[in-house]
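Take this structure, written in structure tokens, and hold onto it; I'll ask about it next.
Letters A, B, C and D mark the chains in the order given here, with residues in each chain numbered from 1 onward.
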Amino acid sequence: MRELTFTAAAREALTEEMARDASIFVVGEGIGPRGGNFTTTQGLYELYGPMRLRDTPISERGFVGMCTGAAMAGARPVVDFMFVDFILDAMGELINQTAKMQYMSSGRIQMPIVLRGCIGIGKSAATHHSGSYYSIFANVPGLRVVVPTTPYDAKGLFKTAIRSDDPVIFLEHKLLLNNKGPVPEEEYLIPFGQANVARVGKDVTVVALAAMVPQALSAADELANEGVAVEVIDPRTVSPLDTDTILQSVHKTGRLLIVDETFMPCGIGAEIAAQVSDRGFDDLDAPIKRLNGAFAPTPYSPSLEAALVPDAQSIAQAIRDLLAE
Amino acid sequence: MELSSEQLLSLYRVMLIIRRSEEQLARSYAQGLIHGACHTYVGEEAVATGVCAHLRSSDMVFSTHRGHGHALAKGVHPRALIAELFGRETGVSHGRGGSMHLFAPEVGMMGTSGIVGPCILQAAGAAYAFKLKGTDNVGVAFFGDGASNNGAFHEGLNMAAAWDLPAVFVCENNLYATEIAYASVTRNPEVATKAAAYGMPGVAVDGNDVLAVYQAAGEAITRARAGKGPTLIECKTYRTRSHAEGMRDAGYRTVEEIEAWKQRDPITMFRKKLLEDEEAGEAELQAIETEVQTTVVESAQFAQNSPYPDGATATANVFSESTKT
Amino acid sequence: MRELTFTAAAREALTEEMARDASIFVVGEGIGPRGGNFTTTQGLYELYGPMRLRDTPISERGFVGMCTGAAMAGARPVVDFMFVDFILDAMGELINQTAKMQYMSSGRIQMPIVLRGCIGIGKSAATHHSGSYYSIFANVPGLRVVVPTTPYDAKGLFKTAIRSDDPVIFLEHKLLLNNKGPVPEEEYLIPFGQANVARVGKDVTVVALAAMVPQALSAADELANEGVAVEVIDPRTVSPLDTDTILQSVHKTGRLLIVDETFMPCGIGAEIAAQVSDRGFDDLDAPIKRLNGAFAPTPYSPSLEAALVPDAQSIAQAIRDLLAE
Amino acid sequence: MELSSEQLLSLYRVMLIIRRSEEQLARSYAQGLIHGACHTYVGEEAVATGVCAHLRSSDMVFSTHRGHGHALAKGVHPRALIAELFGRETGVSHGRGGSMHLFAPEVGMMGTSGIVGPCILQAAGAAYAFKLKGTDNVGVAFFGDGASNNGAFHEGLNMAAAWDLPAVFVCENNLYATEIAYASVTRNPEVATKAAAYGMPGVAVDGNDVLAVYQAAGEAITRARAGKGPTLIECKTYRTRSHAEGMRDAGYRTVEEIEAWKQRDPITMFRKKLLEDEEAGEAELQAIETEVQTTVVESAQFAQNSPYPDGATATANVFSESTKT
């Protein structure tokens, strides 16, 4: 099968959907002629012009509110934040308006809007360009939160996002953007709420997201040499969250480690642990462990940045410790 | 713009519908029939009436916490408004919203908001969608002087002007935000002049003169429909009741000031003018007044006889039906 | 001992601290001559005037950023949001500036700022005036998050908050504001990170916050009649979180129920469950249970509002179910 | 304001320090010594230099992503700047920040920000603290044309004017925000005129003429120190390098435009003037140039020889020492 990068796969999804539906438009800073800071819209301006690829002023709150209104009037906006860190200026619009609109209108208004942005720690982007925030979005009723890992998932989930009548937060990790992977030519969509079992194993379950998935997989390789079969599960969407797949895995392994680059307190790892400690209680042979990035802003220097984030080594060690429990 | 007697009487009737409904709500509030907040529009009726007289149900109005008048002027029946504040299933928002969350998309009333500011952005966004689709509809935002100090005003007006969006921004400058005098929180209390920062026309009108509002709104809406871009209209007006029912009337403002504005009551002044210009006779006006009074009293009865929503429906419509999983 | 309301106790703390330290000032809408929408600053304007009790325009993002700068310059600001829902427009300032300033400056700048507001579901405040958001704040490194329940805690924790050199979010539940309770005349401070064991029991541990504490206590009364001894723990601060006290209780009871009015996914209940399912695993005799408010915006009508939130009955039932596990 | 030869040469020297440091950073970036982003100030040196010449170290500067020049003009040594971009412990932010997070409170450099907008609010806030304490210090914000379309500009300038705060807002209008032309995202591209919306004086100056900037800044700062309130200064200038190192130079702007601005290079123009006015001789200027060049080269050496921060310190200073628990 042909291979595409994560970004190219997501862009292909956007391109196909914009051809399908003239009510889709994109807003952002540099998504017009420039084609997006991360080439998310490369080539589209030439096809669709300024009304459908709208370069904006630095008014994040403004264009989120504007796109909310546009969606209320029947358009299907895509907000391209470049870095998702910039969405924070729009949290009032997002939480009190965009996410609540369908409820407040008792279902008479739909909210087909996609808000996308680059997340994650890496490349010395420092603390204003390294946020992820998916655990915060997962705490907001009315939002769908998507965190793809592979190019295949990026395309299939982007298509589902853009056809969804709910607001969708689509998060793209900076360390995954240029990763290549197989992407079918023929159309496919990946439904929300279906985790991907990235590796099958019987001894221990590791749940990981985004850039932690490749790290978890190489940790699994390492453990394989030690005779340990690690199952790696990638939820792909944190809201809705596919707890059934995780529970089935824990039923088999009896042991659960959740690896998340982002902050531990009230994070998605906490939610998964809470779900399993309730519905999977009788399957557990050991305490549920979490391995998170440090609870601190992200420093610039490579020597500090690296010290904050889990990697294959620390994951492998956490698995060994869990097996020793 | 020349108005027929019929049109003039319709303006009178709409203002009266608002006034009588608000008076009814004030009484009902005192009787404990209203469960939450209640911000009345008494004294400002000419604004919503003069603007909405130009609108089709396919034009969209986005409003704020003081939105009863906008909803009624846009075509919501007093029955649905009063029932909503009574928290009944028959309310315009099915009891989900109350005074600050009035939704009637079927008549282009796209919602009021408990948060100050967002309506400005959403009106610009609806205008963006209209322009994208090539219709000649307009998006209208109603908001107070207090909202003009909010970032949403700046970002929304700037984008609407930059992109020539068919939007009209109606600022109801009633001199106070709750109990804070506008002149005490901005060095430039002339709202209309702030449009210059965005290269947008800004006009100030007597908000207690329904014909002046009608005139200015007509020009702005014609301009918007013609693709010539947005306008800011400052309507200088006053709320003669407290900020919200149950709050003090004066203290932060003098009794004399309130009295002086009551002398300029928009309904009394317009009634006088109708008689002077012989657009209507005393009998005709009294007929309208009786009819309106009856409608409002029956509406309150209807509301009080309506059932409360079923608690089992409390979590409906958080997500769209189309994507329910 | 004399009794004060929650609000009076917090106000007494503010009054004493403002007398102690001239660098403390308060900003907000109506916190000047009006004395605060919730009387949080009643009587202080007369003592300290406009520089120390600053009525603001409706510029939440603006005055949070402004107070962040003021704190950087050595002042000690208190931001009074009235309703904490309004903080969402300032999330960018709060998360990327206020919370990160000490880290970014490698400790050379301190951030002594208190951000306070009313939280919680009740009184038909509807969805724009019923938010709590403490689980979201708890996910942000650099913030302290305080959720007092009693007047005694409100005063002692407010004093610690205002003397803290870290940014503190101080959250006051609308259903607790007028509750009276004993408050000593002599000065006292309550350190952050110390839970309050609101009721001692040996059979089951219930962790509850804010308005859920009184509900949990009456559920405990009910269960007492059934011969069940419920231990009720009120964390009082969610960041830092006193997990040791909870773990000690679970060590004794073997059973844990977390009751939280706010949303379940990635909520503080998830964090507590995750901590206990790790460090308290061997003490658990049953699955960890969570009882949360429904994952939906807050409706207006009393019949809908009541359906969303746990109460003494549903808590008692959840305890019975947990004991049956 | 009359300037002595000494003062004039000091202005020349500061501009040169900035230029040579930026050129060094550009070379280092090409060599891969800079781990993150690098936004140079080349072409805009006259702005930071002309403004900061008036400031004491007790005055506070708040800056943005393009902040190298502000830091150097406020008194940061090139050594500390270059070491920071190299990610070293000896950097001005101890390697925590990089190009967009430069903190040197010891000289009143209160930070640059990776987020556009906050510096405006923080400068107003520092000014508020100065007014509260009764000092005659000023808070100064440097920001770009792009920031003027952000809500922070609106809310910050409005409050600063309403309260007569000792603040100076310096907008560096270089015609573009990344690759977006200012005139394409606002209908009124004259930044200085936007001050009228706030009843604040707004002045536009040639930002490539260091004496014009010095003059305007002097008047604004004198006004602020005298308690007469804030001023908005628009400095019309241009960055002659790409938005950030590694990005394209032209495409969104013409080569001719860049060339025309290079003809108006602030340093070349000022050097010529110094000779014409016989304020300095060729030899004198060459001496300065050699000294500056040496300083910068030594600084780069120092930076490259400096150690990377110890990973164990990556989580220091998330909270204040005074409240560490």
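Here is the rule we go by: a residue touches a chain if its C-beta (ideal position, glycine included) is under 8 Å from a C-beta of that chain, and two chains touch if they have at least 3 such contacts.
The shown structure was predicted, so the numbers you read here are calculated from the model rather than taken from an experiment.
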* To do: Could you work out which chain's C-alpha centre is the most distant one from the centre of chain C?
  => D
* Chain pair with more C-beta contacts, A-D versus C-D -> C-D
* Structure fact -> Separation of the C-alpha centres, chain A versus chain C, in whole Å, is 30
* **Whole-Å gap between the CA centroids of chain B and chain D** => 45
* Asked: So what's the Cα centroid distance for chain C and chain D, whole Å?
  -> 40
* To do: State, to the nearest whole Å, the distance from the C-alpha centre of chain A to the C-alpha centre of chain D.
  => 36
* Touching two or more other chains - residues of chain A -> 56-57, 59, 61-62, 85-86, 89, 92, 96, 103-104, 127-128, 141-142, 295-297
* **Junction residues of chain B - those touching two or more other chains** => 93, 96-97, 101, 113-115, 117, 149-152, 154-155, 158-159, 162, 184-186, 318
* **List of chain B residues in touch with chain D within their complex** => 149-155, 158-159, 161-162, 184-188, 193-194, 196-200
* Along chain B, where are the residues that touch chain C in the complex? -> 35-37, 84, 87-88, 91, 93, 95-98, 100-101, 113-117, 146-147, 149-151, 177-180, 184-186, 252, 308-315, 318
* Complex interface listing, chain C residues touching chain A -> 60-61, 85-86, 88-89, 91-92, 95-96, 99-100, 103-104, 127-128, 131, 135-136, 138-142, 239, 241, 263-271, 273-274, 276-279, 281-282, 284, 286-290, 295-297
* Structure fact -> chain B partner, complex, touching residues on chain C are 29-30, 33-34, 37, 55-59, 61-62, 85-86, 89, 123-129, 294-297, 299-308
* Asked: In the complex formed with chain C, which residues of chain D make contact?
  -> 60, 62, 93-94, 96-97, 101, 103, 105-106, 110-111, 113-115, 117-118, 120-133, 139, 151-152, 154-156, 158-159, 162-163, 316-323, 325
